[in-house]
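Sharing a structure below in structure tokens format, with a few things to ask.
Read from first to last, the chains carry the letters A, B, C and D; within each, the first residue is number 1.
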């Protein structure tokens, strides 16, 4: 199996661990990820509100390159990239005016895009293409007893719900159940917002959201929170000291990309998964997993 | 044949038509058309002076064909046909041109509306010379009525009809009549006990010599037509002889299968495999749940019920019976279903304890319910704080767009009951808008405000178990944006009641299909006219009442049941009924006996006469769809009122301009 | 010339089967000879157009015109014979409803020529020669009639007194019609009302068909080479498209009696203005399946609806021809 | 008014569902183009393909047939007959050179005023895009031409 792969900007900065672990995990599963040539920022979620057409064009450039590379699917790891690219597709399909405008913009840089590249979240590929049965076959270190809080975030299944339930996603639950982990399936805050970019503009509001998430995780007895988005991950992990300062709490919960923890279960070297790069030490998690 | 003298009347309908269509212009134009001898316009053709115009022209000018360009024929065709008939003209020589609903109301531009009105009118002017005088067909009426659904609506309709001496068959699919109302504790806003006001009616219906109760039964097939319906009813096997069973409940005591979730108690209480749904059930007869009874499942059981039963009423060999009934009218009162809030996962119904539906709360607060009327949590403790979430599955584009009408009020009732039982308990009502529209409702709302209930304007965002403060520890937390205060609130609650909306019954569509009418977009039964015929359906002789039509409270339901009963009575109290003569007929001189019409008739109204070798229409059974006309290879069946020549003429008229 | 009645028969756009059919009346042809002088009958006797042109108007007592109006020559003769005849009969399917040649109305004259002289795979015409309407040879100029785009029926060209359908009209019907005409001409009986369809029987072909007819519910269509039809049962019920229900009786149901479905040559029954549309409706109406989607799929599986339902009637149908 | 092509349309509406749906569009004052004249039959199953051809012959540019949704037919399954005739009719019309889309079958219930508005609007635009059909006009030229040709081609 082979997929064209779009890492997204975060993968080169705060989200290095997500990129590294995604690649390592897929390699272990015998899937090769081929990086999209000359990709650019997806435009992220806020640009839509500023200049809508430009943001579609920026997103569509990536899809145009995918088309040019002869692929009709593009694997994405970041929830925001996933939603942004898929949204561009959807608007182009539903509104001929958007389609024409984007074509015009792409034409100006000598590109064209027909709207036929399907944007796939890496979780979608894991669950639906590779399949849990196949995944489970590769599990070499069962995560028995490890309490995992599956945190999906906002844009994993909203608004599209393309491969999981919009309100109550369960794919991550099922993935880690397949590793033998003790998944907190009733994790109440699994789709609550982490505060996103508000951490930079309205820190108090964002910290409040993070605080609630961390409380929910602790209430569930989580040993580790797994995330599917670089922004969620960084907010939950790196801002724990700020949360503690604001709310007088003492959170020190390891937060990992779900691909990191899944990689561990498949026996991938923690270094290759960039687990040592995490802000909150994952030593407790590593210690809990049998060799 | 006398020459065709067509009169054209163009109605202004106030400004409804005249505001868009140049009435003078069209009327003048119509006067020039072939066969038209008089063309008039009038402010309101449906008024008496308007109708008099038609009558006078028929009598004085010898007009013998009439077209009234006005509203939809659904609205006033009977009015004008009656006027024509009063003046001595066969009513079927009058046609309507629908220039209101199909023209003035739907067209933006005045010139365009005027042109379209001409085309619509011209189609009818061309058609009229081909119209034939027709006589309504008179068929006998069976005086019996069937009421389907034994909730308050069905019971009320049955009692009203019985009081006039008519035979009534009351069909109920559950083992007892009573419906949802029997589950309620109190009723808003007067707080009468539901059982106190309902059970006398239930028992009256059960004892009424004119009412034949068909409980634990379902309608399988409906055939026939107004005044003459043939209904097949499946009487499900109770495995108990209802003639000998006395309802003593000794078998219930004896039954070894004791933990079946009780449907009547919303699964909160338990019943036995042989059961009586509730003590006041009518008929008060036991029923064996075939899916739970060990004997009926083929497992070993000592059958203590048989031993306990004095009159030896238990009969494991009993089979379903399919019974045939003939009635003149049918009243549908099949009720609603509570919307299941499981899909609304953010409210955690089914995931977190003590998040309950309104119907579950009805049972909890009911003295005869599973908690003996004590408002308690799952652990048996009394809640210190209760949040009531309005509009769950109502006024929500994701689920049901409609307002369920009763939730605001029953939520207020819940608040009152909680305050009454547990004065110290905090009660929060989370509402979008408070709709207290009925008699005494606003006053009730005000009373609740005075009773200290907290009203929070905002649709609840989420019900969570994550505690952010010691106060929230171990409780439910309702997140809501209080839109009056402009803040996001976290309301700790021990119990969350989801005021679920009313949904159409899951089988509403298939039931409607069985009876030959339709459902509205929201899934409730479709009335014939939303304002003027709210209890009729498109099928003559079939009426609707209660929540199967749309959510409504008990007073409205009872009123509608009375209206439906009056509608049915107005039909079955006559020896005969006139049905539209737009039926098919077959000329035996032309029929070749190929059987095609026999094959396509949806109502088996065409039969093959072996002796004559031709097909014959059973006029009384023909409903006038005209399928046979289109299907016949040689146009032998003809449908009165919809002859090919009439349709061709309409096409020519419409296309001539 | 004797004082016998004057008889003409003409063969326009058609195969000639109608002419044979007249001869097939057997000894009845002697009645024709006994009562009529043949004054024009190109297939049987040597008359020239100029002979006809020379007749007085109304000279011919009975003219049987078979064939459709396909080209300028057909049209000229149709008009000429109308002028010269007292009673003009559109004889056979082609004259009545366009017949098989009427199916050419699915194409234009140019498309037909292209197919025949250019695109036909078995053709050897390297120079792309097409027939020319005018061609000069040393002896002078040769002319061909002009071929029209649209095949017309006789009644679409001239006023017609009677219509006698059939491909060809059955001999016993011809004999019957001749009897009526002769009697009338002798003043011993009435002629049918002008415009009548003659030489037919009441009702439809099904009425004459001896097969047993029951309820019709079709779940698939078949053609008779695909299976052995039950010889007693209605063919339509067996999934074979039989035009019987939408075809005027008169032929004696000869086709169905030998296991062939009716093709509709006797034309639309009285009261039907478009035989093809009517039969389409009939066939689609008796398709039986649980869902409308399945019904639609089965109905749409009928191959070549125009060729099937308008085999003889396209030129006389409501639309008459394919869009140009 | 602009000089764009205004299609002339016929709409066959069944009395119980689609005609009432059209009435509802009116009651709700939903606006749609004025190009279609409705013709009422009791059931869409009464509509004979002959009616459709007749409409085209009389100059219609498009024909809409609207009936009850399958399962909702007032006559149980009258609309199933319509469902069968329609695709075969479409196939026939295609052979006759009519552009796909000149005939349209829609299920419109009595509650679907908005759908009726939407269908008529869309259908009108669809036919406007296809342009005039102009049936009947196509025969006129040839008869004149044939007069000429007759004189020329037949040696007298």
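The criterion applied here is as follows: a residue touches a chain if its C-beta (ideal position, glycine included) is under 8 Å from a C-beta of that chain, and two chains touch if they have at least 3 such contacts.
The shown structure was predicted, so the numbers you read here are calculated from the model rather than taken from an experiment.
Novice: Decide which interface, B-D or B-C, involves more C-beta pairs in contact, and give its chain pair.
Specialist: If we tally the C-beta pairs in contact for B-C and B-D, the bigger total goes to B-D.
Novice: What is the distance, in whole Å, between the centres of subunit B and subunit C, each centre taken as the mean of its C-alpha atoms?
Specialist: A distance of 57 Å separates the two centres.
Novice: Taking each chain's centre as its mean C-alpha position, how far apart are subunit B and subunit D in Å?
Specialist: 34
Novice: What is the distance, in whole Å, between the centres of subunit A and subunit B, each centre taken as the mean of its C-alpha atoms?
Specialist: Here the centre of subunit B sits 49 Å away from the centre of subunit A.
Novice: Would you mind pulling out the distance in Å between where the CA atoms of subunit A average out and where those of subunit D do?
Specialist: One centre to the other, that is 52 Å.
Novice: Which residues belonging to subunit D are in contact with no fewer than two other chains?
Specialist: Expected reply: 48, 50, 54, 81, 85.
Novice: Give me the residue numbers in subunit C that touch at least two other chains, ranges are fine.
Specialist: Subunit C, residues with two or more chain partners: 272, 278, 281, 285.
Novice: Between the chains shown, work out who touches whom and classify the graph as line, ring, star, complete or other.
Specialist: Contact map by chain: other.
Novice: If you go through all the chains, which pairs of them touch?
Specialist: Between chains, contact exists in these pairs: A-B, B-C, B-D, C-D.
Novice: Inside the complex, what are the residues of subunit D that reach subunit B?
Specialist: That would be residues 1, 8, 10, 16-17, 19-20, 22-23, 25-27, 29-32, 34, 37-43, 45-48, 50-51, 54-55, 58-60, 68, 71-78, 81, 85, 109-112, 117 of subunit D.
Novice: Residue numbers of subunit C touching subunit B in their complex, please.
Specialist: So the residues of subunit C touching subunit B come out as 202-207, 213-217, 234, 236, 243-247, 249, 269-272, 278-279, 281-282, 285-286.
Novice: Contact residues on subunit A for subunit B in the complex?
Specialist: 165, 167-168, 186, 188-189, 211-212, 215-216, 219
Novice: Can you list the residues on subunit B that touch subunit C in the complex?
Specialist: 589-596, 598-600, 627, 630-636
Novice: Residue numbers of subunit C touching subunit D in their complex, please.
Specialist: Spelled out, the residues of subunit C in touch with subunit D are 49-50, 53, 71-73, 75-77, 79, 106, 133, 143-146, 148-150, 272-274, 276-278, 280-281, 283-285, 287, 291-293, 295-300, 302, 304-306, 309, 317-324.
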